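One structure, as structure tokens, below. Some questions next.
The chains carry the letters A, B and C, assigned in the order they are written, with residues numbered from 1 in each.
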């Protein structure tokens, strides 16, 4: 098993005087096999991003564990161990606008990760150019520019290009909330499928769009109010949803060739 | 007579390097009782076009050319004062793209309504309150929301409140710009339901719905206009756009739609290569030619004419003009 | 980018005014002592002379030239202000950044220290340190002020840090295996640069006033002059009651002008940067 998530829980405490606890993720467990494409589907605020951050070892869980290749991720302490982890498990964030430090040229996100590769003799420039071409960007169009000079779609691709550069074993991709066009989205999905097919990369794809999940995944996890309420193949989920929330979700996805009744 | 008629409308942004041709020679008409969808990729000029149609323009955006008639009134010749008194909110209302975050955080919904209504008419405050209550009840929205602050409402509720407010004076035409793009599917459906109910209840006559999501348009639009790089490239009934589209860009867009349906699974996922052009220097001839799989020599040289291929169905493509499709 | 920033800033009237006031006094302080070569601590004439052609700002009770004192005083006061602000900033930013970034035990203990320094009446602390040092040149005074006035900076930087560190671009850098120090210096601090600069301006204004305060209770510099020291002597020898206005008005006015121009500058910067910071 590549990744095992066991009883993951995250409770945020907010407020200063009147403290309030928000259970963002509640007792979530699942596994991911090598070269498996798993989608995590749920509505806004269901805890998808929080789960991803805990798996990426960026946010400490309140309880539960994340085990990658038999090592408990939260027991990794030294920078070397952490680099070993992030070399193999990498993330792409939800907001392509917030993912770049506005003060630096976008090139920085690539040159940063060479510390993870550890090999200093590589021709960095040609590796970066290659990765950019893989995701359909022309290096001369994007390199040397500041983030605000690029479109949301371009930035999203830049982050994927970083994954092409690293070729990690597992990618957690948090899908942007519809800020990206449908047509651009299709292109981005193809990029993930290509990574999986060519390099056996496993993918955890996070989205609130059951349509996308149905299309690309081997397995779909439905998340609702912090818990995983249903799990199955895309066909099972679409054709025989069990949980009432899944049923509602399926009914609410707008379809192209079928019209909702009552509209 | 149609409700809205636009002829050869051009609206450009003036920037240091020249003009951004965001709306370039667009003609369209909208019949009474029709919901029209306007679709296209980000940056193609959808928001600019719908704002221009109601003359809601301010520098650096300028109306360069064209005639716009709404319900028999020639908007393109009216001054700001007349537009404010007689047109906006009364004949046409818009729910702008960023409406979700644009509400004043310190103002209760009802106070916001009072402000807006006072800008157009001199109905008394108590009348406005009872009007709003009646309207919220009619649309099955919780009346309590009127006395709440924007941040106390969920994203979907806020959007529905904004829509209800915009249509309080029963405008003939409602324009909604990406009303559901920031919402998840379940909330989206509630907002769409509200929009359909507005027409059913005859609160509005017609609607223009802007989005990049064709699957959403399929659910509520009677007609769809496809926009690319400042131009309308195809306009037809929803079914024709879906099943018989003639413009390469239109079926590019449709093939990129990913919905959980066997038809989609069968045809596979096909995206349009490349990116939309920079509207400061749009490509010569047909603006889609650098990305079009069927581009011919003539496409690079000459702009394709808008050809009528059927009842209320127009296409601008050389393939169609030369009879090859 | 930088030239654009400067051009935008110059368009703000408050900014222009405050920079003009501050820099003209600064230039007077820098160039003055070179042009006007009179020793400020030597008796050069009769005592308590009103301004005249020979003594442009008059003399004090010891017959020392007051213009020379003012010029050197400005120079030293600004010097103390700058140094003290730099010291406070260094301590405040380091502690605030570390405690905001690391969180947990590091955060609690650093904030405890901060609270202790904050709660101690800083003038007491200054008195203790200053009394301990019998010989006090400007750098000592700057040090005394610097090590006591950083707590608010630490708290402000910490809260900025907390909001910055959960931004996605910080996660991008962490995932690239950058060390914490590198992330603090490459990602976090540069994004707080405008904020830190404002803190510096405020610290400097505060430090110059604190210098005057220390001097007034007899704990200022023992070597050299500062605006505070001139005021101290003027007060000691009852210049106000005796109407020797040329002794206390010029240094007082300079001090007020320096401190208020810096306060004005910080409000101008705040107006300029705040909406941008909020926007993203």
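The rule is simple: a contact is a pair of C-beta atoms (placed from the backbone, for glycine too) under 8 Å apart; a residue touches a chain by one contact, two chains touch by 3 or more.
Because the structure is a prediction, the values reported are computed rather than measured.
J.: If you tally C-beta pairs in contact for every chain pair, which pair wins? Let me know.
T.: Chains joined by the most C-beta contact pairs: A-B.
J.: Could you name the chain whose CA centroid falls nearest to the centroid of all protein CA atoms?
T.: Closest to the centre of all protein C-alpha atoms: chain A.
J.: Using mean C-alpha positions as chain centres, tell me how far chain A is from chain B in Å, no decimals.
T.: 32
J.: Chain A to chain C: how many Å between their CA centres?
T.: Going by mean C-alpha positions, chain A sits 48 Å from chain C.
J.: Taking each chain's centre as the mean of its CA atoms, how far is chain B from chain C in angstrom?
T.: 56
J.: What does chain A use to touch chain B in their complex?
T.: It is residues 43-44, 136, 151-154, 177-187, 189-190, 208-212, 214-215, 234, 238, 248-250, 252-260, 262-263 of chain A that touch chain B.
J.: Could you pull out which chain B residues touch chain A in their complex?
T.: Checking each residue of chain B against chain A gives 41-43, 155, 181-189, 192-193, 196, 212-216, 218-220, 242, 252-261, 263-265, 269-273, 275.
J.: Which residues of chain C touch chain A once you look at their complex with the stated criterion?
T.: 167-169, 171-179, 186-187, 190-191, 280
J.: Enumerate the contact residues on chain A facing chain C in the complex.
T.: Spelled out, the residues of chain A in touch with chain C are 53, 56, 58, 79, 82-83, 86-87, 90-91, 93-95, 97-103, 109, 112-113, 115-116, 159.
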